[in-house]
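For reference, chains read A, B, C, D and E in written order, and residue numbers begin at 1 within each chain.
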C-alpha cells in the first residue's frame, strides 16, 4: 500500500508550535508511506492540487492529512481524493490544530504529539476499507409537532413548497401562546390580528392535514422513513358533522365549572367549549372531567340542541399511523410557576413572593389576557382579586430566570421586551397610574427593541429600578414590594395594587418524554438540543428531525418564525430528492459466527437489528442470527462493543483499525 | 429493623447559655412540658457555649471549634440526636457540622484545635422538630384545656429555618410547623407577614436602637393581623420582643404591650400548668391566661 | 526509569459528537492542557470495548480516559447509557484485580464544554503522574518481549518504532 | 428416584422428548452426566447430593441440538437441573439460546451438593454456592421430584476471602491475581463447562484482529482472565463449574462472585432469577449512578 | 492603598500578573496552564467562605431584604462589589459588615446561592486581623466581652458580660432598663456557671488567636 502524508501549516496556526517539516520528514520514513510533504494551506486550491497530483504521480492508494479537525475539512480532502480516484474512506485526518498546536505551548512536545497523531492515522488508513455511500428512499411528507406560531409557519412553508404536511397540536385549537397575547413588541400590533389569517390558511391548505387535540405517541424508523403514531384524543364531537354553531356551548348548564386555561385561569368555561372565538378548527371539545353526562349519565343538553347530531359521548381515542420523511418539532414553552410544587423539585418556587397565594401577583401571560381586548376584562386593566383598576403597578423581571437558587441559570430573553410592552400598555390605558419595573439588566438586542424600551421610559414615564425584589407581602389590600435601587444605593418599598412577574420560559411539561419518543437529545431543563449552536441551529442531532421556536431555547416571535422557515427549508431540502445518500458508517454482522444472543438487538437505539433465521437442508430453522438493516443503522457501534463473540464490525471504525491506532501509540 | 416512624422519647439536650440565665423560664417550661409528654432529656455533660454570633462574626475557626466541641461531646455520650432549644445555638451547631462534613480542610483544622477526631454525626434538632417528633397527637391527648382565647402570631425568627439547604427543615419563607404545634393547644394562629423577619438578634445590647425598631415592626404586624400573643422559640427573640418593649415605650410613646410567650409555655398552659410553674411571671410583660367565660346564650 | 523526566502516556477514547467536538472547542478557545493524552475517535462511547483499554495497557499506556456525551445528550440517544453500565462493571473488575481506579477514568464532556475537556485532561494527567508509571503492567509487557523475542520482531514490523532521522 | 425414572421413561416412550439429559451413578459418591434416548436406559438416572455437573451447558451444544431436529419438526429436550442450574437455563432462555417451550425442565428440591467428587456430603464439604443458596426450590420447572430437606450450615469462606482481598492494597491485589492468572495453561476448561460460554467462536479465538494473545503467557493470561470475568459479569449465575473444572485452581468463581455482588449492590440485579426482568447487559436506566463520570 | 490622600478617581488594578515563563526539565504541564496570581483579599475571602466572590452579579436582592439595611452606611451588595473591584479598604472600613445581624435572609434568597452572611463574617474577621479601624466600636466591644466570658467560664455569663461590656464602653447607663429588672425577677444569677473543662476551651482560644 502506498500512503501519502500531507502536513498543513494552516498559515501559522499549526506551524507555530508544531515543526511541520519535521513531522513530514519523520513520517516519510514509516513503512508504507510513499510520499510526505508539508504545505502552508492544504485546504487551499494549490494545496488540494498538490494532493491530487501526488496521488496521480506517485500512485498513492490512501492519504493522511495532518490539518485541522476532521469536523472542518474532512469533506474537502475526501473530495480532493475522490477527484484523483481514491475512495473517500481511504482518507484519514490527523487533528494537528485543535488537538495539538492550539492547546500546547511547548514546540518539542507538540511536535512529538503531532508525529504520534499522524502515525496513528497512518496505521488506521492502512486498514481502512473502501466504502460506498448507502442510498435509502425518502417519504415525501413532513410531520410538524406543535401548532403555535412556529409550527404554523413551518407547516405553511413546507406545504407551499409542495410537500404534504401533518400538523399535530395537543390543544383543541392551533395558535399557541401567540393567540393569547394582546399586542406584540416592538410595533404594538394586535397579536391575534396577525396570527389568525395564518391559522385559517393552515386550515384551508390542501396539503396540510391538521390534527388538533392529538399527540405524537411513537416515532419509529429513521431519516426519510419515519413512521409516526399519533393519538387523536376523543373530542366527543363528530368533526365531520359539527358546524361550529356554538349552540352546545351556550346551552351547556355547567356554565362556570372549569377554569379557562386559555384565559390563564382568570375566567371560567363550561364543559363543552372552544378555547377562544377564533379557534381553528372551530369545533368544540367536551371536557369529560366536568361534563354532567360523564358524572351521572344525565343532562345531554348538548345532544338536544345540536341539530346536526354531532355530539358523540361514546367517541374513543383513536390511533393514526403516518409515514413521514422529516419531522419538525415546534412544541414551544410554558411559564415558570412560582408556586412550590412538591412533585418537581427541579424548580423551587418563590416563597418570598408568597408561593402564588396572592391573587394580585400574576404572571406575564395573565397580564396579556387582562390587557387583551378579547380577554376576561375586555381589555380594561383590572386586578383579579377585586376588579379594581390598579393605580400602582409593579413589574418584576427575571423571576425564575437567571436564578440558580430556583433551578434556572439561563436568561429567558423575551421578558425585558414584553415587560416594557406591558408597562406601556398599562400606561396607555391607565393614564394616572404609576408603573415600576424592577430589572437586573435590560437586554433589548433587536431591531427597534432598544428604542422601544426608551420609549417606555421617556414617553410613557415608566420607572425602571435596577435591583431584584426581595419580598412581596400583602398589607391592607396593597402589596408591599421590597427592593433596592442598586444604582442609587437606596432601599425602596412600593405599595402596589398589582404585581406582574416576568416568570421564566421553561420547556413544555412533557418535553423530555417527547424527546425520548422522537429520539433527540435535550438539555438539563428539557429544551431540545440543536446539532451545532452556530452552524446547525435548527437541526437536531438526529438526522431528519428539525427544531423550530421556543422548544429549543427561549425565543421571541420573529425568531420563532425565522427558525420555523429555516427548519421548513431544511426539511424540503431533504425531501427534494427521491433517495437519500448516507454515510456508509454502519455495522455488519458476521452471520457464521453470530451466536444469536441478541444483546445487540437489545442495545440498538434505533431498532436496526432484526432476527434472521438460518435453516438447514430440510428447511428447519437451526439457528437465529442478528441481521442489521443498513438503512436504519446509524453507526453508533454500541452493538459492536456489546457483542461477546465480536461478530459485529462497524465499517469505517472497525476493531482492526482501532487496534492499529492503539498499537501506534 | 425498627421502623422510621417509631417515636423517639429520649433526646440529648443542649440547653445553651441563655437557658441558665435570661431565658431560665424557657428551660423550666421545656423540661416540664417534656416530662408531661412522657419524653426525657439526657443533658450533654460539661457542655460549653456554641460560640454564638460573637464567635462566627470574628473568627470562623474559633466558631467551628466551639460548636463542634459540643457535637463531639454528644457523640462521646453515645447520643444519636440532640435538641438545641435556642434557635441560635441550633443554627450554629447544625451549620458547623454541615461545614465540617463539606470541607475537609476546615474539618482538619477544627480537629486540630480540639485535639480530637470528629467521629459521628449527631442529628441536631430544633424545638419545633422535637415536638413534631414527639407528635402533635401527644399534646392533644394530654391537653387539659384548650387555649381558645388565644390568637397567636407564630414567630420563627431568622435562624430556625435558615439556611434551608443546611437545616432541611420546613420552608424558609413560608414555614408552617410552629402553627401546627400551636394549633394543637387549641389556640388559633394568625397569618402574618413578619414571621421570618429578623428582630436584630445579637445587637440587643450594643445597638439597642436597631433592635427596638425592628422588634416594634414585628409586634405591630402581629397586632395588625389580629394576634393577642406572640409565640417564640428562641431566647434572643424573646429578649428582644419582650424585654425591649420597655425601651419601645420610650422611643414610641403610646406603645401598647403585647405579651410574648415561649412555645413551650403555651404548650405548658394547655397541659394544665399555671403561669408561675412555667416561669411566665419572669417575663417583662406580665401575662395571665384567662379561660373564656362560658357562653350562656347557647342553650 | 527516571521519574523526574518520566511523562505518562495516556490514551483517551472519545466519542465523535460530544467529547471530540468539545476538544475541538478547547483548541478553538486556545485552552492549554498537557500533551500526554492522545485521542482515539470512535463514533459513540457505547462502541468502546473494554478490551480496547486492555490493549492500551498492553501498549504501555499509564492511564486511560473514556469520554462521551452527557446522559440524554447522546447523538445516538442511548449509547452512553449502555456504556455507563458496562464501565461500572469493568471499572469495578479492574479495581478488584488490583488496578488503581485512577488508571481508568471516565467523563461526560459535551460539545460546548471545551473548558471541561482541558480540565479533565489536566486532572487525569495529574492523577497518573501522582500514581507513577504503570510498572506492574509494563513488567508483563517487557517479560512478554523477553520470552518471545520473535514476536517482538513481528510487533516491530507492525508497530513502527519512531525513527528520528533528525 | 423411581418416580424420576418412570417420568423419564414415559417422556421418551411417548416421544415427547428426543433425549433426557441427566445424571447416572458411576461409583459411590460420584456421578456423571448421561444422555438417554432409549426408554430402557431411564433406569440409569439418579439424583443425589453428588450430582455436581451443571447440565445446562449441553443445551447449547450443536450435536445435542441436532438430535432434536427431525425431518419435519423440532423435538423437545428434557433436562435434569438442580434449582441453581435452572438459573443458568433462565439466563440461556433470556439470551435466546434455548426456548422455554423446547425443553422440559426436570428439577428437584435441593439441600445442597458437595464441593467436589471424593468428599462426603456434610456442612464442611458443602459447595461454596450452596452456602448462600436461597433457591432450594427451583424457580421454573415442568416436573419436580425429591422432598424438602434442611441444608447443612457452613461459613461463607468465599465472602471472607473477597473481603480479605479488598482490604489489601492495589499492588498486593495485582500481584496476587497476576500470580494466580500466571498459572493458567489456557486449556479453556472453564469455557467448556460454562453454560453461558456458548459462542461459536470465542473472542479469544478471533485472530483478525487478535483480541487476546492466545499463548499462555502472563500477559495473555491476564487479559484472557479479565475478559472472561468481564463477559460473565452480570451474566454469571454462580454455578461454580469453572472452579471445579480449572486444573490450576485459579479462583475464577471468586471474581465472578465479586462481580455478581456489584450487580446486586448497584443495580439490585441477580442473574438468571427471573424470565421477566430484562437482562442487566442490554438494558439501562436513566437513573443509573453517574458517580464514575467526571 | 491610599485612597484618601488625593481626591482622584481610584485606579482599578487587575489582580493578574502576567505569567513568568518557566523552563527546564521539571516544568510541570499543569502549572504551565495556570497564570501566577497575587493572593488578594478577595481570594482570602473566597477561601474562608468556600465560595467565589465573583459569583455575585449585583442584583441587590440581599440589600432589598436586609432588615438592618436602613442603619448601614453602604448597601451589603456594594460591599461585595468593592471587594470584587479590589477596593478593599473601603469595604473593610464599612459599617455594614458589623451591622449585619447574621439573620441569613440574604443567603436564603440569593439567586446565585452566594452565602452573603458568611461573606460578611469573613470581612469582619479580616478587618480585625488587619487592624482596620472600625466605627461600630460598641459592637466589637460587645463581641469581645462575650468571647471573654466563654474564654474564662466556658459559657456566656450574662451578668459578667454586661459588666464587662459596660467597663469597655464606659457606658454605665445604657442597659439600665433590663438588667435590674431581670435581676429582681431572679433570672440573672450572681455567680457564673463554670464548666469543668475550662482548660480545653481556653486552649481553643489560644490556638485560634495565635495566627
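One rule holds for everything that comes next: a contact is a pair of C-beta atoms (placed from the backbone, for glycine too) under 8 Å apart; a residue touches a chain by one contact, two chains touch by 3 or more.
In this text the structure is predicted, and so the values were computed from the model without any measurement.
S.K.: Please state, in steps, how far chain D lies from chain A along the shortest route of touching chains.
M.R.: Tracing touching chains, the least step count from chain A to chain D comes to 1.
S.K.: Contact counts by the stated rule: is the higher one at A-E or A-C?
M.R.: Answer to which pair has more contacts is A-C.
S.K.: State which chain is most central when centres are taken as means of Cα atoms.
M.R.: A
S.K.: As a test of understanding: of all chains, whose mean C-alpha position lies farthest from that of chain D?
M.R.: It is E.
S.K.: With centres defined as the mean C-alpha position, give me the chain C-chain E separation in Å.
M.R.: 47
S.K.: Just how far, in Å, is the C-alpha centre of chain C from the one of chain A?
M.R.: Between these chains, centre-to-centre, one finds 33 Å.
S.K.: Between chain A and chain B, what is the gap in Å from one C-alpha centre to the other?
M.R.: Comparing mean C-alpha positions, chain B is 51 Å from chain A.
S.K.: Indicate the whole-number Å distance between the mean C-alpha point of chain B and the mean C-alpha point of chain E.
M.R.: Chain B and chain E have C-alpha centres separated by 26 Å.
S.K.: Multi-chain contacts only, two chains or more: what residues does chain B have there?
M.R.: Residues 172-173 of chain B each touch two or more of the other chains.
S.K.: Got the chain A residues that touch at least 2 other chains?
M.R.: Each of 105-106, 352, 603, 642, 655, 659-660 in chain A touches at least two other chains.
S.K.: Using the touch rule from the top of the page, what residues of chain C touch 2 or more other chains?
M.R.: 31-33, 35, 72, 78, 82, 86, 118
S.K.: Spell out the residues on chain E that touch chain B in their complex, using ranges where they run on.
M.R.: Chain E residues touching chain B: 48, 50, 67-68, 71, 99-105, 107-108, 115, 120-122, 124-125, 128, 136, 138-144, 146-147, 149-150, 154-159, 162, 165, 174-175, 177-178, 181-182, 185-189, 193, 195-197, 200-201, 203-205, 207-209.
S.K.: Which residues of chain B touch chain A in their complex?
M.R.: Counting only chain B, the residues touching chain A are 171-174, 193, 224.
S.K.: Give every residue of chain D touching chain C within the complex, in rising order.
M.R.: Touching chain C from chain D are residues 165-166, 168, 170-178, 203, 211-213, 215, 217-219, 222-223, 226-227, 229-230, 233-234, 255, 258-259, 262-263, 266-267, 280-282, 284-286, 288-290, 292-294.
S.K.: Taking the complex as given, what residues does chain C use to touch chain A?
M.R.: Per the touch definition, chain C meets chain A at residues 9, 11, 17, 20-21, 23-28, 30-33, 35, 38-44, 46-49, 52, 55-56, 59-61, 69, 72-79, 82-83, 86, 111-112, 118, 157-160, 162-166.
S.K.: Which chain A residues qualify as touching chain C in the complex?
M.R.: 22, 25-26, 29-31, 69-71, 95, 97-100, 102-106, 109-110, 112-113, 115-117, 119-120, 123, 512, 515-516, 519-523, 529, 532-533, 541-542, 585, 603, 605-606, 634-638, 640-642, 650, 653, 655, 658-665
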